[in-house]
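Just dropping this structure here.
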């Protein structure tokens, strides 16, 4: 972490707990830069997270109020805190399994209510902390510790899901697109209503090594190659498109 | 505990049995009595068997449910047949004439009240048969005062229906006077 | 920490309320300003009244997507500074268990009313039971404490919900009001006085929110947004909230403390009532609705000159073991009637030296006087 961001880090916190090659450090940095560029008051920031690697991005590292909750329930806890104290800027930072699988019901209902919550979903397409089991976001055919022959099921398109449920700011970026990601985070923070940013974050430890991307840079290269904008996607053949991940803003 | 009086109102869902019980219990509390009230009904909101039981006493009530009725009100044949034998010998049964064919062999005072008929014909509204019956009940048994019932109606009935309900209550009292005479 | 007296938010008077309505009014009187819930028979009237009343007193009401969300939202609101509550019944109470453990471990004040119905499972949704008593104590995993109260009247639905909030704030512990369908739906006289005594959580800037040197002590609890940069987690944590997930000493100290702060204050928390126990040879131990039936029977038998009495448990958890132990030394037989297969009887057996007879019924109906009379005759 660069020195400039140090004031946002809780006293006593030394290193992050993330594995080498994990994308969550880049995401952490991007969130703090967005907060810094908007000159946000950390005393009015509440960071809520669930269970999993991404839930450790704010807790204990961020120097605001942090609420590290139960698996899947971050949005429900956040809803209570925000409703009772609307002066808080409430940001929910958690993983794909936490927010969209065990917490899927809370996700669609929070989006439907359009309550002013800023949701950052770190999507590594796998259950990282528990040992690399298949997730609701694992692409079809990819391997995990519970799908040795490849995932037989389709993944969620999280952005389409929350947009359909009523979220009013929706974007997807990869940690390989940090500048665009910071801009999106700033928009989400300024937006009044339910905002959702899906952030693709590589997990070489659990996802990469099972899917022929053992080395961190291979996962970064893969994201760089696959992430394209909506404009770039236009005119691509279906087969070509099926390998790509479309990034950008989808709502409003 | 001779001062204890136990009332069972019975019929089917949609007849306003629970509302009549609420007004009766509320009136008792307004008069300074100790009252307990409990209802039971089937899972569906309309049509299944329904009862409302109210216990009145001058002292705190230990067991809050009805043990044996001093007064039974039956608004349907089914309700009458279910509860007609669970009335004290000194008690009284009021049944909705036209809906209930009474068993005259019972060794209990029984009064027929044309509650549904009056509600339909005189008040042009089948929804207030319960309140007509309540009027007859108050007149014939003196369980609570008419004044307390009027106060309870003012508290619990939406404004736009209050006049109708008061009218129904007074019709019921008139009816009570006639049949008790 | 001291209590204060405030003007009752509801006008002084005698009302004809249902137990569920009274519970909502007790919560409002206690200062509850946040409610999150999900519909379930036979508790829904509490939520319906809270929706109306919170609007009138400037509080927040939300109907959530399920019971897990409901209890999670009240814990979030509690950390934002609210006195918060939810209400439910058996199936919803089961769903809430993980979050109840979270509230106990993070020392979050909150009140949960369980209007018990006939279980297990969906069981008889509109019928009465008291099968959740052990679940109230042991429903979430790990070793923790809650406070559980048992109202026997409409008046106590008000009084004990109010007291539940006060205890929850004082001891920073989830407090459960273990009501049942018969009390929740019963209508009865409810007296509301002009003033009510309320307790608030204590605050102290800069002090650790999850630790105290005082034995049986309760640490102060700041709220989000007060500049304390709180670190709240359901993982094992030190006094300032830092996760310590592989330090055996931190873990055992924390588990011990959240248990001891309730157990050491047991005499302050638990309440019981004695009826005719001075010369009784036999005694009933009863709680909730069944204590009403039991007292009725005891009165009848006293008229016949029988030496029988009753101990009523107003608090179920922590278990009033001193009162039960004393009774067990004084009488020859203890009879425990309840609407489950002997959940509290089992607990009574742990502390009573004399013979303990469990008298149980699980048919979805209240235990009536005749049933108890007949069972007593057989003994």
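Should a chain be cited, it is by its letter among A, B and C, assigned in written order, with residues numbered from 1 in that chain.
Operating definition for what follows: a contact is a pair of C-beta atoms (placed from the backbone, for glycine too) under 8 Å apart; a residue touches a chain by one contact, two chains touch by 3 or more.
Please read all numbers here as calculations on a predicted model, not as lab measurements.
Novice: Quick check on this structure: which chain has its C-alpha centroid closest to the centroid of all protein C-alpha atoms?
Specialist: Of the chains present, the most centrally placed is C.
Novice: Where are there more C-beta contacts: B-C or A-C?
Specialist: A-C
Novice: On a C-alpha centroid basis, what's the spacing between chain A and chain B, in Å?
Specialist: 63
Novice: Using CA atom averages as chain centres, what separation in Å is found between chain B and chain C?
Specialist: Chain centres of chain B and chain C, defined by C-alpha means, are spaced 36 Å apart.
Novice: Centre to centre, by mean C-alpha position, how many angstrom separate chain A and chain C?
Specialist: 39
Novice: For chain A, which residues are in contact with chain C within the complex?
Specialist: 10, 12, 42-44, 46, 48, 59-60, 63-70, 73, 76-85, 87-88, 105-106, 109
Novice: List the residues on chain B that touch chain C in their complex, please.
Specialist: Contact set of chain B toward chain C: 22, 25-26, 28-30, 34-39, 41, 43, 61-65, 67.
Novice: Using the touch rule from the top, collect the residues of chain C that touch chain B in their complex.
Specialist: These residues of chain C touch chain B: 14-16, 125-126, 153, 182, 185-189, 292-293, 295-296, 299, 366, 368-369.
Novice: Would you tell me which residues of chain C are touching chain A in their complex?
Specialist: The contact residues of chain C facing chain A are 33-34, 36, 60, 62, 64-66, 68-70, 72-82, 84, 98-99, 102, 223-225, 227-235, 241-243.
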